[in-house]
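Next come two complexes, and both contain chain A; in the first it sits with chain B, in the second with chain C.
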Partner chain A sequence: MRALSRIDHYRGAGRLSLRAETRLMMTAVASISSLVLSDPQALALLLSFSALYAVAETKPKTLLIAYLFMAVMCSVALFCVWLLGFVFPIIRESSLSMAISPFLRLAVTMNAILPLALNSRLTDLAMALGRLHLPGLVRLPLMVTIRFIPTILNDMIQLREAVGIRFRGRKGFLFWLSHPFTWWRVFFQPLIVRLIRSADELAMAAELKGLEPNTEFGGSPLPFSTHDRATMLLAALAMVLSGLAQILVGAHAGR
Partner chain B sequence: MLKVESLSYRHAHSDRQALKDVSFGLAPGQSLLLTGRSGSGKSTLLAILAGLYPHFLKGSLEGRATLDGLEAGRGGVAEWGKGARLMLQNPEAQFFAGTVGEEILLTLRCRGVTGQEADDIAKERLGTLGLLALRDHSVFKLSEGQKQKAVLAAFTSLRPKLLLLDEPSANLDPSFLADLKSVLKNLRKEGLSLIVADHRLYWLEGLCERLLVLEEGQVAFEGSFGDLADGQRRHRLGLRSPEAPRPTELPGPRGLNLPAAAPAGPEGHPVSETGNPEGHPASEAASPEAPPANGSLQAVQTAVTVGGNGWAVRVENLRFSYPEGRELFGGLSLSLAAGEVTALTGPSGRGKTTLARLLCGLEKPTQGRVTYQGKPAGLELGQVVLQNADHQLYMPTVLAEVTLSLGQGKGGKAVKAKAMEILEAFGLAELADRHPQSLSGGEKQRLVVAVGLARPTKLLALDEPTSGLDGRNLSLMAAEIRKAAQAGPAVLVVTHDLELVSLCADRQLELTGPMALSPGGQP
Partner chain C sequence: MTAKTLTWSSVWNGRGLFETRELVTIGLFSAAAKASSLMLALMGGGMNPLTMILKSAVQSALLVVLMAKVPKTGTLTLSNAIGMLLSFLLMGQHVMSLPVVLLGTILVELLALPFGGLARRAWLAIPMIAISELLVRVINVGVSYLGVREQPGLLVMVLMVSAFSYLGILLGLFGGLKMAKELKHAGLIQN
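So, the complex of A and B:
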């Protein structure tokens, strides 16, 4: 009978079956690059690479839901910025690139985080983080945060269903676009309540489980596969090309 | 030995005592049934006994609880957790690993047990709890009963002295309850003490010899399980019956338990199903020895008479497959009579909720059709109340939730009066001005059903409406469901709660046959 401890010998889910280390590295690369880059065209290039990675690793429906959610959040943010423009006119004078860049950064980061959150097992992540010598105080909150993401997605699906039932099947985009405040009340408010509750429940469950900052998970690393190497190569290429775009196009735009 | 001495607790920002002077003891290997009305303090007591005070429970505590000399609240949750383990009502919230086997290994790793020792313990636990076949299965795709067993396997891997279970029966069907009971009995033989907080009592006979009833945070009665036989005492304490109602005792004027559920014809035959050979008695078709030929579901205990109001819902040749192609229903036909309550029962994972969702138009059938008195089914005419109340409440007050459902969101005296009448019937009138999210679990559950019942509809489907309700509220809910049916719609109650079935169902439709599989998942 083979050992139960497949915990030490597991490749993540997802079409590419990447190691947790690879996904963590992709997340780190995407986050750092999107922080460093400021030119919208360079960010757009980075976004297209990250989208390739996300499409390869995430179910299309999940990706679509995440993008829709992000689009809504961005719309709310833009609306608030527009309102602020009446109080602070300088905001209205800012360039398009300044307005777009934060959202591009958000999209890049989301593309990198989704495969990590949805396809990696927490134990693999914990072991990978341990091998990277990250302190427990970073590992434990990160684990709980990532465990939180499927819960949020599930809550969103259930809330959407509940709204559809209550409003007699009016789930159409146009209906909700024309009733933003109703949507705020029936979708976002319960979502926030659920998020707070779920966060509490998960934190409690982690404590009851015995997960503590000093918990050691051990585990021996696996060799990197062809997919892992190819993904990392893609990440390096994305960094170089978008960096070049920032230098060349950004500088040109600056002149 | 667990000792609880004069324990009193008040939640933060509350002027009400959640627990008042609670004292009891529990010897190793003993088991205690903790019950009482909704909101009586059971879950708070369990949380304190799980060591969640003061880290999570931020209120004020007096008295003390000790387990073999170690005092709860001192040394942190982890230290106390070596001796006592709490299984929450929703087992899924307690998973942090991918598969059943890994969940156990992770629990062991959290306590520093690794390598071959961890492997050996995990294998032993999987074997003891009958989970060996599921060790590599995703914990998130297990049935509710299997999830509970996976949590139990993980928690008992470290040999705690005390196991606390918060409403373990809430989402389990009777067969899984029997299985869970047997597992818990075996754990007790290993010397484990048990405290089970639950409203459903019948399944605990022979498992919990001691009884503690809480009322408004105080011990209202202490005795043995046998003391529940006293009906007057149960009524006074708002408890359910300790005896399991037998399906054959179901009431109803429309011919329950009549044999020979005839295959559906174009007119007048209530239930048919392609896997049920023509002319076979329903009870025979439902037996495990006679699985349906095509792996679809079976209907048993069907009424063969039509209600005076005629058919409200007709299902013709319904086929439904999951996106990856696995078939759940392979040509199901049935009818639901207007003005009747039909209980949809059967083991977990057989597709009860999916069928209810199909009937209400929340899911689209792969083939076949569902009609309400000739019109296509849909949420315009159908209504389903889902299990999770949190997702279905969003108005600023309890009253506003009901007035919105009455179709007059802005109110008006007549609408408000009607809404208050509904709230009164559900025992929620005093909470009319409260925010719905501030209610207790049982109160929210009653409110979402009240909201569902307030809407005019052709079909009302209720998914597990009584999973966390005490005896008094169970009776109240059953009466309101019956009243709702009398107003005209067909009412479909998806439930594992046999007491609810016996109290309000006119007929019962039991889904048997092979276990339905969730998309990409396991039974």
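So, the complex of A and C:
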């Protein structure tokens, strides 16, 4: 576990080099605040603060691609709602300012998630969860899951190649869609057998090495940097101001 | 471990309820569920209804085999918790629904206890998974409603996705049951 505990000294990538705990907290704050708020002005204020955080932590090109993707997804959703409006006229009666609230919420959440997803390593996040007193019951399986996703993906690629050789000339997504039981038999069942064997071997290795559910993976926590404190202050300010906007503007508009 | 040594602290630290080998197995099956959903999303596109059904079928079949391999109270809750925590770490999903879903899954596991629990009656895994997955979807739709309450029409999309994925869960239960029987016959699992 020594090699793992060394990772604790790694500070997250990204321009502000924030700790994983700070990014996790930002995601939780953005999700909860955006769900509580309903007024478009209050949500727009929260969005501007979250955009500041996203711009400071994410590359502009990545942010632009994410916003373009979200715009396409929102356009498709709005088109579907417009079509549904013909079936359920009540949908067409909602005002435009209220109709944009779900999309503002989505943008706030996306701004908070991008730095977490793009700049944090999974091992770093798992250790942060350990430092946040996550029970040992969850910590060990979570570490195993994180460690073995790439290995199992590799196993699946090997199985897919083996199936490709067996069914040469008939592979392709459409073939497997029309033969789901064959797919189940030749791809999924060998995967399960392989998984059970791997689980037995790995469990034996873990027990022989004396690994227990309450084994500590994280080292001593680093102190919060100025960037971490500034980010938390920004989150608190955003919550207070958008909450005030919700109370004042929302009450004025009768929402 | 006897009931005398089973304290709140030992349970919190993971001792008493599960052995290391069982926790490793749960972790590995959660990794397989996540990897297979990633693989299927790459192959057929994430929002394709057939891919959604297939992803859920694989997920529930894996869960059936896992519950046959680790037939203990808490396996389902732990597996759900790991999956949701991983979704939170990877994509920031389930921040709001995680505590409610966990409480719901614990309730389903407690309801199974009067029937003898998983250790005595392995078939309980099927209704437990069916009910808990239904509960997960209902809670997710509820949380989604909070997010789109000003434009309820958007909820139709969420309902359709939930319906397709639940259909996949039900199909996967039968596939998982058949596979668990074959694995027992092959001596790879005991239950």
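The rule is simple: the second predicted complex is superposed on the first by the 163 of 255 C-alpha atoms of A that agree within 3 Å, B and C clash if a C-alpha of one lies under 4 Å from a C-alpha of the other, contacts with A are read in each partner's own complex, and residues count from 1 in each chain.
Here is the rule we use: a contact is a pair of C-beta atoms (placed from the backbone, for glycine too) under 8 Å apart; a residue touches a chain by one contact, two chains touch by 3 or more.
The structure displayed is predicted, hence computed values, not measured ones.
Student: Could you tell me if A:Val193 is touching chain B, chain C, both of them or neither one (first, second, both, neither)?
Tutor: both
Student: Looking at A:Met143 after the superposition, I want to know if it touches chain B, chain C, both of them or none. Which is it: first, second, both, neither?
Tutor: A:Met143 contacts both chain B and chain C.
Student: Now for A:Ile65: first (chain B), second (chain C), both, or neither, which partner does it touch?
Tutor: A:Ile65 contacts neither chain B nor chain C.
Student: Does chain B (first) or chain C (second) touch A:Leu241, or do both, or does neither?
Tutor: In the superposed model, A:Leu241 contacts neither chain B nor chain C.
Student: I'd like to know which partner A:Pro102 touches here: chain B for first, chain C for second, both or neither.
Tutor: second
Student: Once chain A of both complexes is superposed, is A:Ala44 in touch with chain B (first), chain C (second), both, or neither?
Tutor: Touch partners of A:Ala44: none, neither chain B nor chain C.
Student: Quick check for you: in the superposed arrangement, does A:Leu202 touch first (chain B), second (chain C), both or neither?
Tutor: Both: A:Leu202 reaches chain B and chain C.
Student: Count the residues of chain A touched by chain B and by chain C, then name the partner with the higher count.
Tutor: In the superposed model, C touches more residues of chain A.
Student: By the touch definition at the top of the document, which applies to A:Leu153: first (chain B), second (chain C), both, or neither?
Tutor: It touches chain C, and chain B stays clear.
Student: A:Glu212 contacts which: chain B (first), chain C (second), both, neither?
Tutor: both
Student: Is there a shared patch on chain A that both chain B and chain C touch, and which residues make it up?
Tutor: Touching chain B in the first complex and chain C in the second, residues 122, 143, 147, 189, 193, 197-198, 200, 202-204, 206-207, 211-212 of chain A appear in both lists.
Student: Given the complex with chain A, which residues does chain B contribute to the contact?
Tutor: 50, 52, 55-56, 77-78, 81, 85-86, 88, 90, 93-94, 96-99, 101-102, 105-107, 109-112, 114-115, 118-119, 122-123, 135-136, 140, 360-362, 378-380, 383-384, 386, 388, 390-395, 404-405, 437, 451
Student: State the interface residues of chain A toward chain C in the complex, per the touch definition above.
Tutor: Touch residues, chain A against chain C: 27-28, 31-32, 34-35, 38, 77, 80-81, 84-85, 88, 91, 94, 98-99, 101-102, 105-106, 109, 112-113, 116-117, 122, 125-126, 129, 135-149, 151-153, 156, 173, 177, 180, 184, 188-189, 191-193, 195-200, 202-204, 206-207, 211-214.
Student: Name, in rising order, each residue of chain C that touches chain A in their complex.
Tutor: Within the complex, chain C contacts chain A at residues 11-15, 17-18, 20-32, 34-36, 38-39, 43-44, 50, 54, 58, 61-62, 65, 69, 78, 81-82, 85-86, 88-92, 95-96, 143, 146-154, 156-157, 175, 179, 182-183, 186, 188-189.
Student: Contact residues on chain A for chain B in the complex?
Tutor: 1, 3-7, 10, 121-123, 143, 147, 150, 155, 158-159, 161-162, 164-166, 168-169, 185-187, 189-190, 193-194, 197-198, 200-212, 215-218
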